[in-house]
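What follows is subunit A paired twice: with subunit B in the first complex and subunit C in the second.
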Partner chain A sequence: MKQTIPPPLRSASVLTVCLLGFALGACGSGENRVTAGNRDGVLHWGNASEPQGLDPHIATGVPEHKIIMALMEGLVLKDTTTLEPIPGVAKRWEISDDGLVYTFYLRENARWSNGDPHNAHDYVWSWWRALQPALGNLYAYMYFPIKNAQAYYEGKISDFDQVGVKALDDFTLQVSLNDPTPYFLQLLDHYSLFPVHRPTIEKFGAPDERGTRWTFEGNLVGNGAFQLEEWKINRYVRVGRNPYYWGAGDVKLNQIYFYPTENITTEERMFRAGQLHYTYEVPVDKVAVYQEKGSGELQIYPYLGSYFYRFNTRVEHLSDRRVRRALAMAVDRQQITDQVLKAGQVPSYAVTPPDTMGYFPESDLTFDPDKARALLTEAGYPDGAGFPKTEILYNTSEEHRKVAVAIQQMWKQYLNIDVTLLNQEWKVYLDSETNMDYEISRASWIGDYVDPNNFLDMWLCNGGNNRTGWCNPEYDRLVLEAAPKASSHEERLEIFKTAEKMLLADMPVLPIYIYTSKHLINPAIRNFPKNILNQPSFKDIYLDPSAARVAEAH
Partner chain B sequence: MLRFAAGRLLQAIPVLLVVITATFLLVHSAPGGPFSAEKAVPAEVIKALEAQYQLDQPLWKQYVSYLGDIVNGNFGPSFKYPGRSVNELIAAGLPITAELGLYAMLIAVLIGISAGVFASLRPNTLQDYVPMSAAMLGICMPSFLLGPLLVLIFGIYLEWLPVSGWGDIPGDKILPSITLGAAYAAYIARLSRGQMLEVLSQDYIRTARAKGLPEPLIVVKHALRGGLIPVVAFLGPAFAGLLGGSFVVETIFQIPGLGRFYVQAAFNRDYTMILGMTIFFASLIILFNLLSDMLAIWLNPKLRHGSGAAKP
Partner chain C sequence: MSTALATAEKGSSLWADAWIKLSRNHLALFGLAVVLTLCLVSLLTPWIAPYGYEQQNLMLGASPPSAEHWLGTDVFGRDMLTRIMYGGRVSLLVGFIATAVALLIGVLWGAVAGFVGGRVDTVMMRMVDILYALPFMIFIVLLMVVFGRNIFLLFFAIGAVEWLTMARIVRGQVMSLRRQEFVEAAHSLGLSQWAIIRRHIIPNTLGPVIVYTTLTIPSVMLLEAFLSFLGLGIQPPQSSWGLLINYGVETMEEYPWLLIFPGIALSLTLFALNFLGDGLRDALDPRASKD
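What follows is the complex of A and B.
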C-alpha cells in the first residue's frame, strides 16, 4: 500500500515555505534602523511606555517628560552639563536685589510651530490655566513660589491679577515671588511651567478641561525645537524639526522616534539588533554582560534619586527611634550596592543625594552592628528577643525583592530578628503606603529640580509624601520658614543640614542608596549629556555615522 | 440552523450581563484607584477627577449609567489616556491583534493538520514519533520561552528577522506569528492524528480501499472530512484564545495590539478600559464558539440531519 502526503497538504506546505522565504528575502537589505538613522539624522529612542498624554499641565511621567521636552520649551533652559540656567524663550533676565522680582525679556523671533507669534501674554494665560483646580495639575505646587499662586490655586483668592505674573509689554514678563527662591529659574525648565498655545486649546474644549484632543497628531502646536508629526498608539511617537523654532538653524536631528518599550528585555534585544539608539533601562542581569564586553555602549552615571525604606512610626515597636536607628545601622549598604545591584549605585546615609546644588548632607549614620545591637538591647530587645513580627512591603520588582532579601538576612545576622517580606502589585502597594497600612515600606524619590528643598519638604508634618507619621514642628519651621528667609546660599544650606540631621536622628526613613541612570547608548549619539537629572537636550544631540563605524571596527 | 443561531445569541445576553456585573464589582473592589500615584495627589485634584468620570456617584448609579452606555455601544473614556475613548483604543489594537491571530491560526492549521495527518498514516513508526514528539514539545513550551528563543536565533545571531515591531520593518510579523501559533499547531496536530487514526480504521475507509481508490483520494476526500471535526470544534475557542491570549506575544515583540492594552489597563486600574476589553473578549468568545458549532454541524452529517441540530 502506497501512502503519500495528500497533494493539497503538500502544496500548502510549499506555499508556507514560499511566503516565509519571500518575507525573509524582503528583509535582507542589510541595513538596520540605526544605521539608516545615523545617515538620515533620525534618532530611535526607547521611551519606556506609551505616553498618557502630552499636555504639559497634566502629564506627570518621565516618558511624557522626554517627548514634551522635544516639543515645547520654557523661558529658561538648563546647560545640560552644568545644569546652570541658560536662555530659552527668554533671551535674558534680571533679578531684583532682594531676589523677589524676576523680569524676563523674550525673544522677538520666538514662534509657535504653526507660525503664530509667541509672546509674554502666552505665559500669563498658560500659568492661569495651569492653576485651574479642575484641570487636576499634579505639579501645581511647582508654581507655589510665585506670589499668591498657592492662594489662587486653593481658592482663597479668585482674582488672578493678584498672582505675581504680569506681561509688562509683548516681550517683557515680570514674575514676583513670595520669598527669594534660589531654584526658581530651574523650575522654568520644568514642563509644568511651559507655555501652551491658547487658540489650539480653546479650539478643542474649555481651557480647564482634561483630556481634550488638542495634543493629538495634527492638532498639537508647540514652541519647541521639534513638532509632533505622527502618534501611533503603542507603536511610536514621531517628531520632526519645527521650522519656526527660534534656534531652528542649530537643530541637528531631523526626526526622533519615541518607542514605548515597557518590556526592558525586549528593549535590550532591540538595541542589540540595531533597532534602537538608546534604551530607557538596562536589565539588571545584563549590566555585567555589557561591562565585560567593554564596548562603551553601557553608560552609567549618577541620578538625582534616593532609594530608601519608610518606617511606619505609628506601629508600636517602630515608634521607638532606637529601634529605627538600630535597624538602619544593621544594613550593610556597601554590600547591597556592590554585590546585589552592581550598577554603580552609591550607598547612602542621608535622604538628599550628595552635591545637590553644592549641598552635602551631614549624617552620623554608619554601618555599625555592635552599636545597633546595643541600641536594640536598650529598647528592650536583647539579642532580638521578643522583637515583634515585622514585615517589609515592596512593590513587585526583581530589584526590590533582591534588596529586601539582603536586608532581611542582614537583620537576622546582626540583630537576630526575623522579618517577613510582602510584595504587592504597584497600585495595591500605593494604597497600602498612603493609608499607612504597612510596617516598613520600600520607597524612592526622584528630584524634580536640583535643590535640597525637593528632598526635605516631603517630611513636613502634613506633607502628602511623608507617609511615616513622623512629625517635628521644629523641622517644619526650618524648612518652611527659616530656609526661604536665609540671607545667603551658604546659610540656607546650613539650615537644610540642621533639618536633615534632625530627620536622621529620628530616622523615620532608612536611606539605602543613590540611584544611577543606566542606558545602552549607540556610539553614534553625540552631545549626549550625563547629568544628574538625566535630562537630554534633543536640539543639541546629533548622530555621527563614522563614530558608529569606528566602534564596530573595534 | 438559523433558529439555532438565534437561540444561541439570545442565551448570550444573560451570560454577558453576568460577565459585566462580575467584572464591574471586581474592578471597583480592587485596592488602589485609577488616580493614585507615587507622588501624593491633593484631595481637591482627586475630587475633580472623580467628578469628571462620575466616580463620586453611588456604585449602583455608575453601574446603571454604564449599562446604558454599553447598549449604545459606548465603552466610555479611558482613565489612563485622557482624551481617548475605549472604543478608539480597541479600534486601534483590534486590526493588529486580529492579523496576528489570523497568521498564527494559519500556521497552526497548516502545520498542525499536515503533521497530524502525516503521522496518522504510519502510526507507531518514525513518521509518527518525530512530528508527535515535536508537537508535545510545542504544547509544553510556553510562548514566553519560545518567543525569546526564536528572537535569539533568528533575530540576534542570524540577523535574519527583526526582533520586535509589527509592520514597521519587513519580516517583523514572522516570529510573533510562529510563536503564537506554535502551541496551537501542536495541539491541532495531536487532535487530527487521533481522529484520523480512528477514521482510517472505519468500515467505509476499508470499503473505499477495497474498491481500489487511490490512497491520496481516500485520505483527502473521505478520511479528512471526518478527521477534521474535532479540529474544527477546537478552532472557535482557539481563535478567541489567540486574540485574548496574545498579550504575552505582544509584550515580547512590542506589538501594539489589544493584549498589551488589556494588561496595562489592569495594572493602571483603568476601569472603563478593563470593562470594555472584557466585554469585547467575552462577546468574541461567544461568537467564535457559535461559529465553530455551526461549522461542526455542517461537517457532521449525523448532526446535520438528526435531532442534534436543535441542541445548543
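What follows is the complex of A and C.
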C-alpha cells in the first residue's frame, strides 16, 4: 500500500513548507513588508546602525545623516542628479558681485512640523546654538567661511551680532562670508547648518546642553518633509508625512522605516525575504551572486568616500611619523580591493578621492615593504623587534573585520609586528574615537559636499573630526587662509595639493581605498538617484508596485 | 565478575568497578577515544598543522576542499584544516577550564550549603538566587570590562557564571543523601564527618554532576563564540570553533565548507562528550549492582 501522510500531518507539513518559503521570500500567499509597503507607500530602508542621536548639530555618522535628511531641511537643497543647489526653505537667493554676501528669501509658507511659523530668525538662533562650544558640535568648522564665525566659536569675540548672519526681516536672511567660498551653497544642505526648533530645545534643557530629550519620539519638531513618529531602540525609526511641510503636496511616500542593520548578512537576507526595499551594504560574497542573477537589484556606483585608518598620534610609538609611514607602506591596497572587497573599490594613497571638483591629489605613498622595513628599523624596531602592543579598533561589521584581518596579516608578513583587533558597537566606537581612546582606528569620510575642502578641513588642529591629535599650523594656514583667498580655481586646487602632501608626509591617517556605493534596491523604488554623495531625496522617492510585480515574474 | 568469590571479602574500589563497567560500554569508549584524540591533536597542533593559522593567500580566496587544502580555505585563503585545529585548542580549553571552574565552585558551594544546612544554607542559596537573577551576559560583560580582555579571564568569567546550576544540583543531592539510612548507619558506626562526605556523599553525587558537566562543556563553547562575536572574547586572527561556525553561517550559501567542517568538529566533540558522560554516570553509580 502506498504510504500517505494522515491529514493533520499533511497540513502541518504544508505549513512548514510555507514557513520555509516565507523565510526565503518565495511564499506566494503571505504578504511581506515590501509588498505591503509598495501598496501603502511605506519605504523600508536598511540604515546600518542605530542612530547615535538626531540632533543635527551633534550628529556625525551616515546613519544619522539619512534620518535627519528626512526630518529636516536647510535653506538650499541639492538636485539629486547634478548636485547643483536648488531652492529649499529659501525660495531664491542673491549673491553679491564680490561673492561675499548671500541674501536668502525664505518661503512664507514654510512651517515647523507642529505648525509653528518658520522664518529667518530661526536660522540666526540655530547657528548661534551650533557655535556654542559647550555643545561640542563636531562640524563647527563648517561655519568658518561665515564672517567672524571662527572667532566667535573660539571665544575671541563674544558678541554674536558680529557674526555674519542677519535676519533683515522675517523672511530675508543675509549671510556675509570672509572670502568667496565656491561651495558655500552646498554647505547649506548639510545638517550641521540646519535650523532647529527653539521652543522645543528650550523646553528640554539649555540650548547648548548635549543629549537632552528634545530629539526623542514625541518631542522632536523639524521642518522637513517627514516627522518623527516612532523610535524603537535597536528596532526601527519610523517617520511619516509632515502635513505642515511647504511642499507637502509633492511628497509621495507616507512613511519610512529606518532599520539598524549592523549585520550585513542578515540585511541581505531581510532584503531577499521582502523586508527591505534598500540595503545599506551588500556582503562581499553576494556581489557575484547578484551579478550573475542579473535582476538589476544590485546597484554599484561611484561614491565620494574615503576609507582609511586613523593613528592616535598621542600614543608614544605612533607619534613617530616614520612608524606611521612604515605601517602605511606595508599595506597592499590592490590586494584588499581586488581580493577582499571585490566591488570596484579603488586603492587610495591619499585622503581626498581623485577628481573631486577636478582635484587630483598627489601622493608619494606606495606599497613598498622594503622601504617600510627600513623606516621601521630607523625608528628603532629592526625587523619589528620590540614593537609595542598595538590594537586596531573597528566598529562591528563584517567588512571592517575583513579589511582589518587582511592588514593585520600584511603587517605581520612584511614588518613582523603583531597587532590585535578590537571591535566595538557603533556608538561605543564613536565615543572611543572622539575621546582618543584608541591606537589605530578604522574610519571613513563620506563627502558632505563636492569639494576637496571637505576632506582636508577635517584635519585642522583640534577639529572635531580630526581625532588623531595631529596638528600642523602651516597646514591650517593653507586650508583656512590661503585656499579661500586663491584667485582662481586652479590656484586653489594647487594649495590643496600642497596641504594634502603635508598631511601625507606626516601620515596621521592611513588611506586605504575609495568607496563604491553598493546596495540592493527593490525595483519598485522610483526616483532613486545615483549621485556620488549617495544622497537620496526622500520627498521625491516613490514606490511603483507594478514594477515590483514585473520583476518577480521575470 | 568472574573473580567475585575470591575478592568478595576484599571489595573492589569504586574506580576499578567503574572502569570495568565503562569498558563494556562501546559508545562511551568511542566517546573517550574521540575526546582523547582531540586533546592529543590540540596539544600537537603547532607541530602537525599543515599551515600557519594566520597565513593568508588572498589570491586564492575561498576555495573548496582540494589536495593542498583538505578542508578548503576561507575567504582570506587560510587553510581550514589548520584553522579548525587551532580553533579546537581554544574551544577545548574554554570548555575544560571554564567547566572546571564551574565544577570547583559549584560542587563546593552546593556541598557545604547542603551538608551544613540551616541558616548557612539559606544565606548561600539566596546569594545563588541573586546571581541567577542577574542577566548573565551583563555579568560577563562587566567582568570583562573591569578586568580587561584576556583569554584566561574569559575562561574564568564564563566558569564563574556557569557554576550556579551546579551548586543547586549538588545541594539538592547532598540534602537528600544526608537523610538516607546508609548515612545514618555510617554515623552510628562512628565514622567522621569528612569520611562520610568522602566515602558516601561525593560518590553518590557524581552521577548528576558528571552529566551536568558534559552538558556544560558544549554550552560554554557556544557562549565563548557569542562573546567573541561581541568583541569580548577571542579576536582575529585567532579563532575558535564557535567563531568559525559564526563566520561560516554568513557565507553558507556560497562557501558551504566553511560552515560544514567546523560544524562537524563541534558536533563530534559534543556527541563524544555526551556518550562519555552517559557512560561515566552509569559506571560511577554506586547504586548500580556490582554483578
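The rule is simple: the second predicted complex is superposed on the first by the 340 of 554 C-alpha atoms of A that agree within 3 Å, B and C clash if a C-alpha of one lies under 4 Å from a C-alpha of the other, contacts with A are read in each partner's own complex, and residues count from 1 in each chain.
In the analysis below, a residue touches a chain if its C-beta (ideal position, glycine included) is under 8 Å from a C-beta of that chain, and two chains touch if they have at least 3 such contacts.
No experiment lies behind these values; they were computed from the predicted model shown.
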item	value
Touching partner for A:91 - first (subunit B), second (subunit C), both, neither	neither
First, second, both or neither for A:232, with subunit B first and subunit C second	first
Subunit B versus subunit C as contact partner of A:530, first or second or both or neither	neither
Contacts of A:289 with subunit B and subunit C, given as first, second, both or neither	second
Subunit B versus subunit C as contact partner of A:265, first or second or both or neither	both
First (subunit B), second (subunit C), both or neither touched by A:317	neither
If touched residues of subunit A are counted for subunit B and for subunit C, the larger one	B
First (subunit B), second (subunit C), both or neither touched by A:107	neither
Partner chain(s) touched by A:340 [first = subunit B, second = subunit C, both, neither]	second
Subunit A residues contacted in one complex by subunit B, in the other by subunit C	265, 425
Contact footprint of subunit A on subunit B as seen in their complex	30-33, 36-42, 44-45, 48-49, 52, 77, 80-84, 89, 92-93, 107, 110-111, 113-114, 117-118, 121-122, 148, 151, 155-156, 159-166, 168-174, 209, 215-216, 219-220, 224, 251-254, 256-257, 260-261, 264, 267-269
Of all residues in subunit A, those that touch subunit C in their complex	265, 283-286, 288-289, 335-336, 339-340, 396, 398, 401-402, 404-406, 408-409, 412-413, 420-425
Subunit B-facing residues of subunit A, complex	1-9, 12-13, 16, 20, 23-24, 26-29, 33, 50, 52-53, 55, 58, 60, 133-138, 140, 154, 210-213, 215-216, 232-236, 259-263, 265-266, 269-270, 272-273, 275, 425-432, 434, 463-465
Residue ranges of subunit C touching subunit A (in the complex, touch as defined)	54-56, 58-59, 61-62, 75-76, 149, 230-231, 235-237, 249-251, 253-255
